[in-house]
Each structure stands twice: as C-alpha cells, then as structure tokens.
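Across the two complexes that follow, chain A remains constant while its partner is chain B and subsequently chain C.
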Partner chain A sequence: MNSIDILIPYASLLLKGSGITLAAWILASIGSLLLGSICGIASSRACSLPAFSYPIRLYTFIAKGIPAYVQILIAYFVLPSLLGITVSGFIAATGALIFCSGGYVTEIVRTGINSIPSGQWDACFVLGYSKWHALKRVIAPQVIRLILPILLGESEQLLKSTSLLATIGVTELTRAGMNIISRELNPLSVYLLIACIYLLFAAIINILIILAQKRMRYGNN
Partner chain B sequence: MKNYKKISIIMGLALCALVLALTLFLKKETNIQINSQKTSFIVGTAAGYAPFVSINADGEYEGFDIDVARALADKLGKKLEIKDLGSMTSLFMSLKQGSIDAIIWGLSITEDRLKNVAMIRYQGETVTEYPLLFWDRIPEGVSSINDMKNMTISVEPSSAQEAALRNYSFIEKQYVDRIDDALLNIQYGKSDAALVEPAIAQKFQKKYPNIKILPLILPPEDQVQGIGITIKKDNQELIERVQAAVDELRQGGIIQAFETKWGIA
Partner chain C sequence: MVIINTLSVAIKEQILLKSVSCTLVPGRITSFVGPSGAGKTTLLRAIVGLVPLQSGTILLNNKSVATMSNYERAQNIGYVFQDFNLFPCMTVLENCCDALLIHAVPLEEAKSRASVLLEKMGMHKYRDKYPSELSGGQKQRVAIARMLALRPSVILLDEPTASLDPANTDILVEILTQCVQEGLTVGLSTQDMSFAKKIIDRVYYLENGEIQEFCDTKITTNLLQECPRLRNFLHQ
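Our next item is the complex of A and B:
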C-alpha cells in the first residue's frame, strides 16, 4: 500500500481539518482587522485621543509581548475560570488570535495613517471636511494601498498560527495530520501533504491581495 | 494633555483592580459549579496517540483508552464526556482547574507524578526496562546505554522516559513534542536513538521491522507501575469509585479483552 492509498480514507478528516483551519483564519483575520483598524485609527497622530491612546498602547504592548501560544492557554483556561463560563477551544483560540494579531494590525494601521503628511489633513479641513470624512475619502484610500502588502504578511502569519489551535485539542489541519501519523506512522507523506494544503491557502490569500491591489491601482488611474 | 495622562493611568489601575476582584470573587463560584456536575464523567485525553486514543477515518474517537473510559463510565453509572485537550500541558491544567474529572491518556505511573496526583493503574505491569529504538542497526560497539557517550536520544519532555535518562548525563536529549516525531528523528539521522513506551515500541516495530531495540534496564526508583487513570488527589470519593470500577473491569477480563483488541497485550 503506497502513501496515497493510506491517506485516501482520511480525506474527510483532512477536509474537516482544513475547514476548521480556514474558519479560524477567516474569523481571526476579520476580527483582527476590525480591532486593529479601530485601535490604529483611535491611536493615530491625527485622530488621537490620549484617553484611548495610552490604553491602546498598553494593549499592543501586551498583544505583541505575550506569545500567541500563551495567549491561547490564557483564553482557554484562565479567563473562563475567572468569569465562570465555559468556552469551546475553537472560540477561545480564535479570540486569542484576534487579540494577538489585532495588536500587530493596530501598529500597521497607526503607522500607515501617521505616514500621510499632515498637510493633507489640513487641506481637508480647509475644504470643510470633518475628521471622519477626511479619513474616509482622502486618507484611508492612500493608507490601504500602503499597508496592504504588510497586512498580507500578517495574514499569512495568522494562517500559520492557526496550527496552535491543536495545543488545546481543536482538530484543525495540522492536528488532523498528526492524528493520521499516529495511526499510520507515515510522517513524511502526511507532513508534505499538509504543507501543500497550507501553501494552497497562502496562494489563495496572495491572489486575493494581488487582485485587490490591481483594483486599487485601477481606481487610482 | 497631562490630565489625559492621569486619567489613562487611573483607568489602567482601575482595570487591573477589576480583574483582580473578578479573580478572587469568581474563583470560588467556578469551583462550586464544577463540583456539582455529578451526572457525567468528564475524561480528558488527546487524540493522536494510537493505539491508546486517536480519531478514525469517520472522525470518531477510538482506541484502548476510549474503550476503557466507556466501560468505566458505565460502571460509575455516569454519562461519558470526552474532552480532547490536545497536549499534556492542557490536560494537567484542566485537571487542576476541575474542568475534567480524570485523564485517561496512556500516562505512566511515576513517583514524580504521584507526588501531585492520584494514579490508578488500569493497564500494564511493572516496567523494568524501556526500549531504545535504532533505525536499521545498533551502532557498532554499543551494547548498553553506557556505550552511548555523546549520542543523541529523542524523548518526550516530562515523560517517564525522560526521567529515566537523568542518570545518564553524557546523553544528549533531543525533545520531541509528539512521540511519532521521534520516529522521524531516528529515520533521518537527527537522533541516534529514541526512548519510548514499550507499547509504542511494539507499534513502531510492527510498521517498520528494520527498527532495532536495545533494552534500557531501569533502577528500582525509575520503574514504572503500568499506566494509570489520573485524578486529583483531593477527589477521594472519585478515586475510590474508579479504583473499584477498574478492579471489576480487570476481574471480569474486560480490560484484557481491550488489550487484545488494540494489540497492546
């Protein structure tokens, strides 16, 4: 029996694992993008309110300073115990990834906004734009173009971090593979297959980002 | 601006105080909730440790430990709830927190573990030696571990096998997260040998007959008393009930039948 024949019966398990990986990645990406955008805008130089700015800096310090693995353990064991609630491994780990990645996205968004010359803000105000409208119509389109490649890197990092869900028992792609290895003892072929599936996901992310960049260039022209 | 800074600091301190208060207030409540869960027997385990526990092609949990857990829950008159926690760290954290009643995961009974938890033997006899696995051949001149100076051995951290290596400071340990990775290490020459459970060695050798085995004889203090169901030490009532249930299962030949079924006799 060759390696492929051994893996065929586990196709549904690998598909399910891939589905969980994708679901965790999509949810964590959306969540971290929302959280990071809000925090990044609120703490940027132009929009900064010191009452928010310092707690946000504290948040990014914590999110970036604690390893994602430890954050997942805290989200799964410590917080539910403190709050007296029960949380599934998937929710806890995805929440932890949102918190962790949100810290990085905050920095990316803040840096992007801060990199726009202040003269552009002044010009908007002279034209009677409110802060929100200036951000939405003038600043944000430029910032998005600037930070998109960095967000792509963060998104790919997030995809790889979903394998940490395995440490609290979520049967995502990597763990589904580990389970097959323990049953069939063919580590090399399983790890190679898993690597190919992750590459496929990464390729999809890259294509989506390239399409978005092309669309933005088109809008710019 | 200075006022904002002060407000931020005060807000930060208030948040810390709130978290601390929640910690102290809610901890008691959580414990009470867990102790009152009497209808189900919550077993912590982690798939990916065949033949003890793994997920089959249909996505269902199976293995020797799963069969034992089912039989045990029946004897206790409780509904079995399997909680897959992925790793040894998570299993012991959950047991400590009380979110699981017991760990059934092929864990060896060691003196170190018995200091912190209660372990009820359900499989295996006293292990007096561990198998050292080599890929293809045992290196020339090696007839015992004492001949393996400066050689590398793959071992799981915090395992009974790692404890058994503490007397051999000349051995370089290579830690693996999962014992299956030890197989890769010896196959690709990353380690000279791997030290594993006897049941795991059997499984490996069945798949790869080219694996060669050298026994590592254990001193009395490192000998393992089989594998055990792990329960919190202060849960005396459950310890007694599980012990009685395991005794019944062993006397009835049920555990022996599971051993034959999963090839770990």
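Our next item is the complex of A and C:
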C-alpha cells in the first residue's frame, strides 16, 4: 500500500477538517473585517472622537500584543468560567481569532483612511458632502483600493492561524491530520497533503488579490 | 455680493489674517495678490468655511456664511483648489456629476448638466478618463466644471495658474471672462504677475495677513500714485 492509498479511508475526515478550517477562516475573516472596519473608521480622521479613539487604541494594543494562541486559550478556558457560560471550542477559538485579527484590521483601516490626502476631505466639504457621503463615495473607494492587498494578506495570516484551533481539540484540518498520523504513523504523506490543502486555500486568496487589484485599478494608478 | 468685515483668522496662535475687510462684487473679478504667506489662500479658505474664523463676518447677499450649512454654502459658493483635488476614483464625468447627485439633482439631469459644462471647457472628449490621465490644465478645467455644475453665484479660485502653461493660462482667462459676463462673482488669489495683469479688475494687495492696498481699475486712475506697492508687485 503506497502512502496515498493510506489516506483514502480518511478522505471524509480530511474533508470535514478542511470544512471546519474553511468555516473558521471565513467566519473569522468576515468578523474581523466588520470589527476592524467599525473600530478603524471610529478612530480615524473620518470620526476622530477621543471617546472612541482611546478605548480603540487600548483594544488594538491588547489584540496585537497577546499571541493568538493565548487569546484562544483565554476564550476557551477562562472567559466561559468567568461568565458562567458554556461555549464550543470552535466558537471560542473563532471568536478569539476575530478579536485578535480585528486589532490588525483596525490599524489597517485607520491607516488607510488617514493616508488619504486632507485635500480630498476638503473638496468634499466644499462641494457640500456630509461626512458620511464623503466617506462612502470618495474616501472609501480610494481606501479599499489601497488596503485590499493588505487585508487579503491579513486574511491569509488568519487562514494559517486556524490551525491553532487544534490546540483546544477542534478537529480542523491540522487536527484531522494529526489524528490520522496517530493511527497510521505516516507523518510525511499526511503533513504533505495538509500543507498542499493550505497552499490551495492560500492560492485562492492570492487569485482573489490579483482579481481585486485589477478590478480596483483606475486611470494611470 | 460677498462682504467681508474685519475678518481675523488665527491657527495655533499664529495670526494669519488681521482684521481684513473687502468685498467681492458680481460681474467683476476680484483678485487677491501678494507674496507667499500673505494670507490670500487663508482668506479664500475662510470664505468657504475651511478655516475657523477668530472674529469678523462674511456675508453673502446679507446672509452670514457662518450660519449656512455646508450643503447650502456649497450651492452658493464654489471653490477651486490650487491642486484641484479631483476625486481620483471617479472619471471626469463622475467628478462633475457626483456633487450634483448629493444635491438631489436627478442622475440624467446631472449628466447632461455636467456634459454641457465639459463641452464648454473643451473637456467633453475626456469624460471617461480618470484625473491621473489628464494634464494640469485639463485637471483645472474639470475642477472648474465640477464647481460650476452646482451653479454657485460666487466662484473662488486659489492660485489658478500655479500649474498652468501660458496657453492654458489664456484658456483660463477666457473662462473667467465668460463667468464674469454671466454675472458671477469671481474671486481669486494669485502671485502670477502676468496672469494678474491680464485679469486686473478689482485688486487687493495683501501682505502679512493685512490688506495693504486696493485698486479698482474703474476708479483708480494712477496706479503708481494710488497703489505703489501693488504697482511694484505687478512690475517685479
């Protein structure tokens, strides 16, 4: 029996693991994008209220300063007992990834908005745009074009971080592979296959980056 | 008519305008000339609400500009920035239409209004281009079209010839002359002597945030005697 044949009986386990990895990745990407966009806009020049700015700076400091692994452990072992609730490993870990990645997305969005020249805001003001209209129609398209590759890069990082779900017993792709290895004692083919699946997902993100960049191109820029 | 009364502007304890009083008259070109740092741009930016006033009033047809909403002021006063500030993510036509949509003009009407103005500015064939594909002179004409699309009664231009070659400067003079003939109130700042001579009509000479001299070509008969600093400035 060659090394590929060994894996065939575990196809459904690997598929299920891939599905959990994909679900955690998509949920964490969407969640961190929402959280980061709200915090990024609230702490940027578009809003610039100290009431928002300082708590958000504290949040990004915590989210970026604590390793994602530790955040997952806190979310799974500490917070539920503090709050007196029960959460599944998948929800706790995905929530922790959203919190962690949201800090980075906040910085990306804030920097993106603040990097737009003040003349663009002035032009909107002079033409009678409200702040919301200026943000939506003029600033956001420029910011999205600027930060999209960085955001997709962050999403790629998030994909790799989903392997941390294995540490609290969630049978995502890496954990599924480890389970197979413990039964078949053939780490080479299993780890190679897992690495290829991660690369496939990463390739999808890279294709998305290229397509998005092409779509967002305007003029000579 | 715009009446500016004892206007003072200070930013971070630095006084930029000291008790400036002047008027902008319909059907005339009012120029603010003077050396760099004289306060010309600050004065124009104060009129459109881009810098906070320390004291004084700006009246547009006897209504204080400070009490107008951003939306209302934009419908009355147009402003062209020195570096144009066109929206890079929009085509030339979209740049001219978008503000109209904000001001509740229906899309078709906004497009036709913008098209007419672009035609007038000789920019119609560039309607689908992006600002990054245009030259400085073309960008400026788009910026003027964008401003005129809102049909303001007062138009202000900050250093309009700063990035123009002589040919484009002549085109600008033609456009401004047309605006004046249509009864618009035109105000601009410049330190370009040759341009200032071409459009000389009503001129305020500023230095150190203060108006030093005023010359109205319809009244002033002897520039040398009545406005020696302005004359020197124009003949530098």
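FYI, the second predicted complex is superposed on the first by the 216 of 221 C-alpha atoms of A that agree within 3 Å, B and C clash if a C-alpha of one lies under 4 Å from a C-alpha of the other, contacts with A are read in each partner's own complex, and residues count from 1 in each chain.
Criterion: a residue touches a chain if its C-beta (ideal position, glycine included) is under 8 Å from a C-beta of that chain, and two chains touch if they have at least 3 such contacts.
No experiment lies behind these values; they were computed from the predicted model shown.
**Q** Return first, second, both or neither, reflecting whether A:Leu83 touches chain B, chain C, both chains, or no partner chain.
**A** first
**Q** Is A:Arg175 touching the first partner chain B, the second partner chain C, both, or neither of them?
**A** So A:Arg175 only meets chain B here.
**Q** Kindly classify A:Gln142 by the partners it touches after superposition: chain B alone (first), chain C alone (second), both, or neither?
**A** The second partner, chain C, only.
**Q** More residues of chain A are touched by which chain, chain B or chain C?
**A** B
**Q** Between chain B and chain C, whom does A:Ala166 touch in the aligned arrangement: first, second, both, or neither?
**A** first
**Q** Under the stated touch criterion, which partner chain does A:Ile66 make contact with: chain B (first), chain C (second), both, or neither?
**A** neither
**Q** Between chain B (first) and chain C (second), which, if any, makes contact with A:Ile150: first, second, both or neither?
**A** neither
**Q** Give the list of chain A residues in touch with chain B in this complex.
**A** Those in contact with chain B are residues 9-10, 12-13, 16, 49-51, 53-55, 58, 73, 76-77, 81-84, 86, 89, 166-171, 175-176, 178-179, 181-183, 185, 187-188.
**Q** For chain B, which residues are in contact with chain A within the complex?
**A** Chain B residues touching chain A: 1, 4-5, 7-9, 11-12, 15, 19, 22-23, 26-27, 29-30, 33, 46-50, 54-59, 83-87, 89-90, 93-94, 97, 99, 178, 180-181, 183-184, 203-204, 207-208.
**Q** Going by the contact rule set out above, which residues of chain A touch chain C in the complex?
**A** 117, 119-120, 122-123, 125-130, 133, 137-138, 141-142, 145, 218-221
**Q** Report the residues of chain C in contact with chain A in the complex, numbered from low to high.
**A** 48-50, 70-75, 78-79, 81, 83, 85-90, 98-99, 102-103, 129-133, 146, 150
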